[in-house]
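So that we are looking at the same thing, I have put the structure below in structure tokens.
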Amino acid sequence: MDSILTILIFFPAVAGVLGFVVHKDSIRAYGISVAVIEFALSLVLWMGYDPNVSGMQFMESIPLIPEFGISYLLGIDGISLFIIVMASFFTMIGIATLGETKRIKDMIITLLFLQMTMIGVFASLDAILFYVFWELSLVPMLYIIGAWGGPLRIYASVKFFLYTFTGSLVMLVGMLFMAYFYQQATGVWSFSLLEWYRLILPESYQLWLFAAFFFGFAIKVPMFPFHTWLPYAHGQAPTIGSVLLAAVLLKMGTYAFVRFSLPLFPDASVFFMMPIAVLAIIMIIYTAMVAYAQEDLKQVIAYSSVSHMGVIILGTFALNVEGIAGSVFLMIRHGVVSGALFYLVGVIYDRRHTKMMSEFGGLASVMPRYATIFGIMMMASVGLPLTINFVGEFLSLLGFYKQSHIMTLIAGIAIIVGAIYMLAAYKKVFFGDVTKEENKNLPDVNKREMLALIPLTIVAIWLGVYPKPILEPISNSTESIVQLMHDKAITQEAKERIPNLAEEMTISRTSTQEAH
Amino acid sequence: MFEAIAFYLFAFLTIAMFYITVMSKHALYAMTALAAGMIFISAFFFMLGADFLGAVQIIVYSGAVMALYAFGMMFFDSTRELKEKTTPSLLVFGLGGMAALMTVIIVAAPIVSNNMTAAYPIVEGVGNTQAVGMVLFTKYLIPFEVAAVMLLVAMISGIVLAGKKMDVSLTLVEDDDLPQTDKENKKAES
Amino acid sequence: MEIGLNHYLVLSTILFAIGLLGVMRRRNLLMLFFATEILLNSVNIAFAAISHFYGDLSGQMFAFFVIAIAASEVAVGLGLLVVWFKRSGSIDLETLKSMRG
Amino acid sequence: MEMYLYIALFAPFVGSLFAALFSASPKTLIAGIVPSALLFVSFLSSLVLLIHAMDGNTVHVEMMTWMAAGDLYIPYGFLVDQVSATMMMVVTIVSTIVHIYSIGYMDHDKSFNRFFAWLSAFVFSMMILVMSDNFAGLFIGWEGVGLCSWALIGFWYHKESATWAANEAFIMNRIADLGMLIGIFLLYWSTGSLQYDTVFAQIGSVEIAVVTTIGIFLFIGAMGKSAQFPLHTWLADAMEGPTPVSALIHAATMVTAGVYLVVRANPIYDLIPDVGYFIACLGAFVAMFAASMALVNRDMKRIIAYSTLSQLGYMFVAAGLGAYWVALFHLMAHAFFKALLFLGAGNVMHAMNDELDPFKMGGLRHTMKGTFIMMTLASVALAGIFPLAGFFSKDLILEVSFIEHHYILYTMLLLTAGMTAFYSFRLVALIFHGEERYKLFGFHPHEAYKYMLIAMSPLALLAVIAGAFKMTYFEMVTKVLPMTEYHIHNPTVYWIMTIGTQLFVIACILYAYRKYEVAKEDKKMEENIGYKILWNQYYIPHLYDEYVAKPYQELSRIFWKDIDMKVVDATVDMVANVFYKTGEKTRGMQNGNLSSMLQWMVVGLVVMLALAAVYSIATSLVAG
Amino acid sequence: MLEPVNISLESLNLSTLTPMLIPIIGALVILCIDLIKGGLNKSLYVMLSLLFLLMDFGSLVDFAQLFSQNGTMMGFFDVMLIDGLAIIGQLIIVLASMLFIPLSLTSKRFHEYAYPEFYALFLFMIAGFQFMVATDNLILIFVGLELSSLALYTLIALHNRNKSFEAAIKYFTMGALAAGFFSFGAMILYALTGSIEINQISAVLAADEYSNIGFVLVAVTFLLASFGFKLSLIPFHAWTPDVYEVSSAALAGYMSVVPKIAAFVVAMRLFEFLVHSNVVWLETMLYILVVLTMTLANIWALVQSDVKRMLAYSSISHAGFVMAAILIGTTQSNSALFLYWVLFAFSNLGAFAMLWVNRQKVLVAGQDSDHPFEKFSGLVRTIPTAAAIMGLFML
């Protein structure tokens, strides 16, 4: 059962290749069946994963280029497990509810390839393997935006590709240096992340390497100064494209932060914590205000996802268990909710072929079911308790509060600012009386779209009410990461910033036992 | 003593000759100066005891090559006055002068490297040509053969390029008005 | 005074420089070929001189082959020149400007 | 006992789900009746719990863990002690009545079912808020209530003003929630957990500065929810929603959540008396401020909203001064007669088919006999005349402020009591007495349905007899809240004070009657400055709109247009163009001319030679 | 009187020559066939040359086994040097040529394929390269270099279009100049060390630790200039775009791969010992050259309108990359160099082959170049598969 990860990664790819053979009009069924099998596989993976072990599970290792120490190393822990499940879940929904698009055959095959790369990124533990999948994931996205996008698609897809490409090149340089240092220290070449975890680097090296990795991940997240490619990409991408882009591709950046930057360079992360926190806060408030000024509904959601990524970054750099668990949980939440929101925008877009908010008005009376689902999703994205978002946001802000009170206060504005633009958008689209006559007889959400939306709403509420099955494994793996960071930290300032879980653990565990 | 005078005389003459070839306005003068230059160089060879080389120089260079150039000159009827747009002299002279200066400074420095072993010592008393023959056909047989092949290639390319078939370019000509011969093998092919 | 190896080397470099001058200065292709001839001959002198002073025959071998190469070069060069002349009617460099960038 | 707790909690939830099922379809009566019935069941179980709590024991149950990350552990725990039992009583009574009332009120509204779904959902989140045993659960209820109020205020979503009001309410609540959240974080990091019991146990050990900040932040949360001074404008605008909503939410339950929070967190506020005093002053100010606005307002529902605001001020004064049980008692009494007042106003509105300006009505006492009696009764209770509930709770607060030697507060409260009496009776006089002005406008009022009046009757009853429960209520609540006795030492001062207030209040009522018996609008009065200020609610909403909403929009537009588009994008494209330009410029070098090519070769050579020469000279110098 | 020198035949181990002789014999056979019976179809010649190349390949393979057993073999009065470098170089050359030849089977008529001499010259050129690669004797390198270049000039000229002659002449003149530089450089080396075999030169120079550094540097400059031309490094690259644009796509692809690999091998041989001699100047000089080549070439590639010219510039920058590998000089870098070059060979040949597939006979009016970008923009619509493959190669 241990080679399930490899199956998970390469099954869609093989299916994609075979897809070329399948005839045009039966391709959709083919695509759906492949995606369903893939999702089932990922569920099996989830079942097989036992939460209380905090280390890597389902490890697989085949040496690819022995003398450089590059090996086909796979493994997942609490953090990457759920993102993989979500990725396959979203691809399944995406393909199942794909509207009638021209050249649907190529679309489905590209989607399958995209799925392979997505799962590859989250499962790979070898730096070079990670980089390869990281790059590969750009190509199908480039095609999706480029071929099926809106009017400005060429510019958007090229900008998207080049932007992330340069970022990842810098990251590659970082990786090579890291391997070089590893070789200096231990005399053997190795790119496997687990060995890198054990390497203690002096402070100055850590800063440089952190900067290199930061640059690559920051573009992918996207962090504040580098975020301009996202609105373009979302603006021009077809519905399925922007759903997947938001649901999974954005997670790579933040996931990489948790997987690479934090454990490898604890001191540097402490050193950079304040500047990055400031960046994250700007990111949250600035993009939220920009979202408020938008006329195009999709842009609102695009900027909202940037603002939510800001909260995730804040959580990750809280450098304690609550913060990081919160940020990982937020990643999953952001996937579910903004994926759903993009999908909803897609639903109107298919009907009215325009995304301008001014075009709509009073849809609540015309499309009640649609309004309720959009309402629930909006509430989730604003972060109401008992929805999925509150848990994540609460934990991240709680975590970050420990680091600095004022920052969290300012970051807290995110809740208010988030509410403002979401409600404004909701009001423009749904409330008020129906002004435009073509809105009068818009068909409500049909069966196929419901198929996608209902599971998402259920997940959004279920995880809000009872997040334990997800939160338990995540917090275990975050604990091991934080513990690792604490032991590796050299500088004194880093020591006391990152909580030493070892001795705290004993006290708090006992206290919770009594409380039960 | 005698050698020195001869050397300086010849040196001055060759430099003058080549200077004329390079600078002269009339193509004819240039060509003749070049031929004279060649002759003086073969003189140098004889002075340096490489008489086989001297002979080859005279035959090959002043003979064949000059003949070719003469033919070329006639063919291109460039005997007339050469009107040339003179390139910016400063740039050219500057570069040429600099190059000369550079190398002279470096070359003037004494060249002495002590532990050189002569791979093929010139045995006194043996005629230069015989020695050259011996070395040529043992050690340098392969380059000799390859030089032969090269000359063959030069010959082929000369013929092909200047040949009649080149006049009409098949690549640009449309299929229909193809000369007859190619029509058959076009058919044969299809 | 004794003629040393250096004299020959200096002579050959001067000739080489003149050849270079010619190559750069000349606008007419044929004259340009003359200049390349000068280059090769200057090298020959040096080779002969070195082999004479070191008493090693391989220098002469090199000179011999250089001559062979120069000869074949002239053949191909003139072949090309002929074709070009047929095409453009003049062997001046100005005609060789049709490609840019 | 746990079974009752679960029933009390989940009955409204089941009701709301049931109603939600029909939300799309047109009006079906059962969608109204079933939630009301379920709410009645919940009322009964909370009654049982109240009795259970009366004899001193509490019920604590923990359903499942909600969040457990690292050493943070938050379960879904529910606690029913005396304080929450009383609150549950208040909430369930008022909501059952409002449910029954709204069956009648909303019967010809097309999204009848959706209304009930949201109403019971509101009650459910209110119950969570009240019954939760930890701050996080409280926060769930807190936001849930905010959500439902947003949905209910914006219920008639085709009305632009309603949706705007709903959004404003929600956003303003969110601002307060931020304060609350920060308070909760601070609480967690200082005491290690969010459970009430552990927090209150360890709060003593936390140093004062931190406790004060916790206190302030929690109060900010309370301020937003109970619409205290800076965040009060949303309450007035919230009147856009249907009247039962205002009755339930903006009279009895949601607005009192803030008071409940302060009462629940009394151990914290005990440690920081100066914050308490600040709360009291703010409360008094709000009371005065709101009452003044109510004096001149011409919209019936807004007048009652302002009166709620001023009564809330009263409650905060009591809570601030440490008399938590008094605040709770006033909260309970106020909930009854204010809800009654709102429902009455609802009847009148229906009769006048949604006309709100009392100047257009008059002389309704004949046609709407029942409503007239109920409303006068409620106004009398509100004014605090002797036998009714108002007297017992409001005057008690006057006593508290008097005993604690805060004479300024006392005088302010006294004045506000007078003003309350004046505007409530101005309202009653305008609507029910004087000549029927409504005839000019072609209204033909009719009394509300019988069962609506019957539904309102328990409230009227409670408004009258609530005072009597004071003693039993006192022993029960002080089991949890600090026991503070208030009675003036020398009886003479006590008597002078009570009778004095009574006389003053009656005088105000008579003055109101005389003034508004014959409802002629005297233009002169409206011109003077005072009137204008009050009329525009001290220009505060205008102020907010001008200096908060508009600049925010402007700023975001600037952010989007200028910064995002120009600055950030330009830098990226500029990088790409740099390459392109250099390419263009250097392209010249690549012209087709052969001799220039050759020259470039020689140039390359010469450069290298020069470097070689320099180097060799350098080494020879070094060597030499 | 020189005593007759008797040399035992096997000491010459003629076998080292076989890989070079086969193409020469092949070319001669082709020429004879054409003589006997003119006008035969070009597919015959293609097959013949393919056959000979296969034989050549076979001999090279068994050389490889031989080499793996007993290390480098010296042949023929140690003029021929068969070592790892030579064998790999030859393998690549032969492989690339085998790939190139079938391309000339296209239905579209090309002037040069009508000539049997084309194939003969082609085989001679391959022999020239092989000789260049398989020796460390400067003379043979020089002669091999000239043989292959002359053949190459004619192949380009055979394309028989005005511009192809122009490019051939440019290429020829610059080649002549480069030959001049090479000989001058060799002369100075000879003057310094009295020998013309690289290993001896390196031995002698190492012995007296580069005492007269001036000469060595001059020699190296001239050699660098000549190889700069062959490898089209920046100051000497002027001919590349024109020649690539003008020659047929397949030939351009071929030209961007094979002559360069031969030049690389020779450059590696020449500069290997120099780099290790940590002569600082050489390091900086090579460094400047490499950096210039990479950056400028790519920038120019950016602004090109013609696909073939763009590919030309990209091949220049690739040459720059490989030169950097030589600069480092470690064994790892050498193997990396070959690997890189093989990959580059395939992708480049592929890209040019793609151009070849949809080549246009007559230039569409207003087209300034053979393959402007506009023509390709529509490709995605018309032949998606071709576009996909092209994309792949470009990556």
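As written, the chain order gives the labels A, B, C, D and E, with residue 1 at the start of each chain.
The working rule: a residue touches a chain if its C-beta (ideal position, glycine included) is under 8 Å from a C-beta of that chain, and two chains touch if they have at least 3 such contacts.
Given the structure is predicted, the values throughout are model-derived calculations rather than measurements.
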TODO: Have a look at B-C versus D-E and report the one with more C-beta pairs in contact.
DONE: B-C
TODO: Report the chain closest to the protein's overall CA mean, measuring from each chain's own CA mean.
DONE: A
Task: Centroid comparison with chain D (C-alpha atoms), farthest chain - done: B
Task: Rounded Å distance between chain B and chain E, as computed from the means of their C-alpha atoms - done: 24
Open item on the list: Rounded to a whole Å, what is the gap between the Cα centroids of chain A and chain D?
Closed with: 36
- [ ] Quick one: report the Å distance separating chain A from chain E, using the average Cα coordinate of each chain.
- [x] 49
Task: Contacts with two or more other chains, residues of chain D listed in rising order - done: 587, 590, 592, 594-595, 598-599, 602-603, 605, 609, 612-613, 616
Task: Multi-partner residues of chain A (each touching 2 or more other chains) - done: none
Open item on the list: Can you list every residue of chain C that touches 2 or more other chains, as numbers and ranges?
Closed with: 5, 9, 16, 19-20, 23-24, 26-27, 33, 54, 56, 58, 61, 65, 68-69, 72-73, 76, 79-81, 83, 96, 98-99, 101
Task: Complex interface listing, chain D residues touching chain A - done: 23-24, 64-73, 136, 139-140, 142-144, 147, 150, 154, 157-158, 160, 163-164, 167, 170-171, 174-175, 177-178, 181-182, 185-186, 188-189, 192-193, 195, 198, 552-553, 555-557, 559-561, 563-564, 568-569, 572, 576
TODO: Quick one: which bits of chain B touch chain E in the complex? Just the residue numbers, please.
DONE: 102-103, 106-107, 109-119, 123, 126, 130-131, 134, 138-143, 146-147, 149-150, 152-154, 156-157, 160-161, 165-166, 169-172, 174-175, 181-182, 185-186, 188-189
- [ ] Please name which positions on chain A make contact with chain D in the complex.
- [x] 159, 162-163, 225, 227-229, 231, 286, 289-294, 320-322, 325-326, 362, 364-365, 368-369, 372, 379, 384-386, 390-391, 394-395, 397-398, 401-402, 405, 408-409, 412-413, 415-416, 419-420, 423-424, 427, 430-433, 465-468, 471-472, 474-475, 478-479, 501, 504-505, 507-509, 511-512, 515
Task: chain C partner contacts - residues on chain E that touch it in the complex - done: 138-139, 142-143, 146, 150, 153-154, 157, 162-163, 165-170, 172-173, 176-177, 179-180, 183-184, 186-187, 190-191, 194-196, 241-242, 245-246, 303-305, 309
Task: Footprint of chain B on chain C - complex, ascending - done: 1-3, 5-11, 13-22, 24-28, 30-31, 33-35, 37-38, 41, 44-45, 48-49, 51-52, 54-58, 60-61, 63-65, 67-76, 78-83, 85-86, 91-92, 94
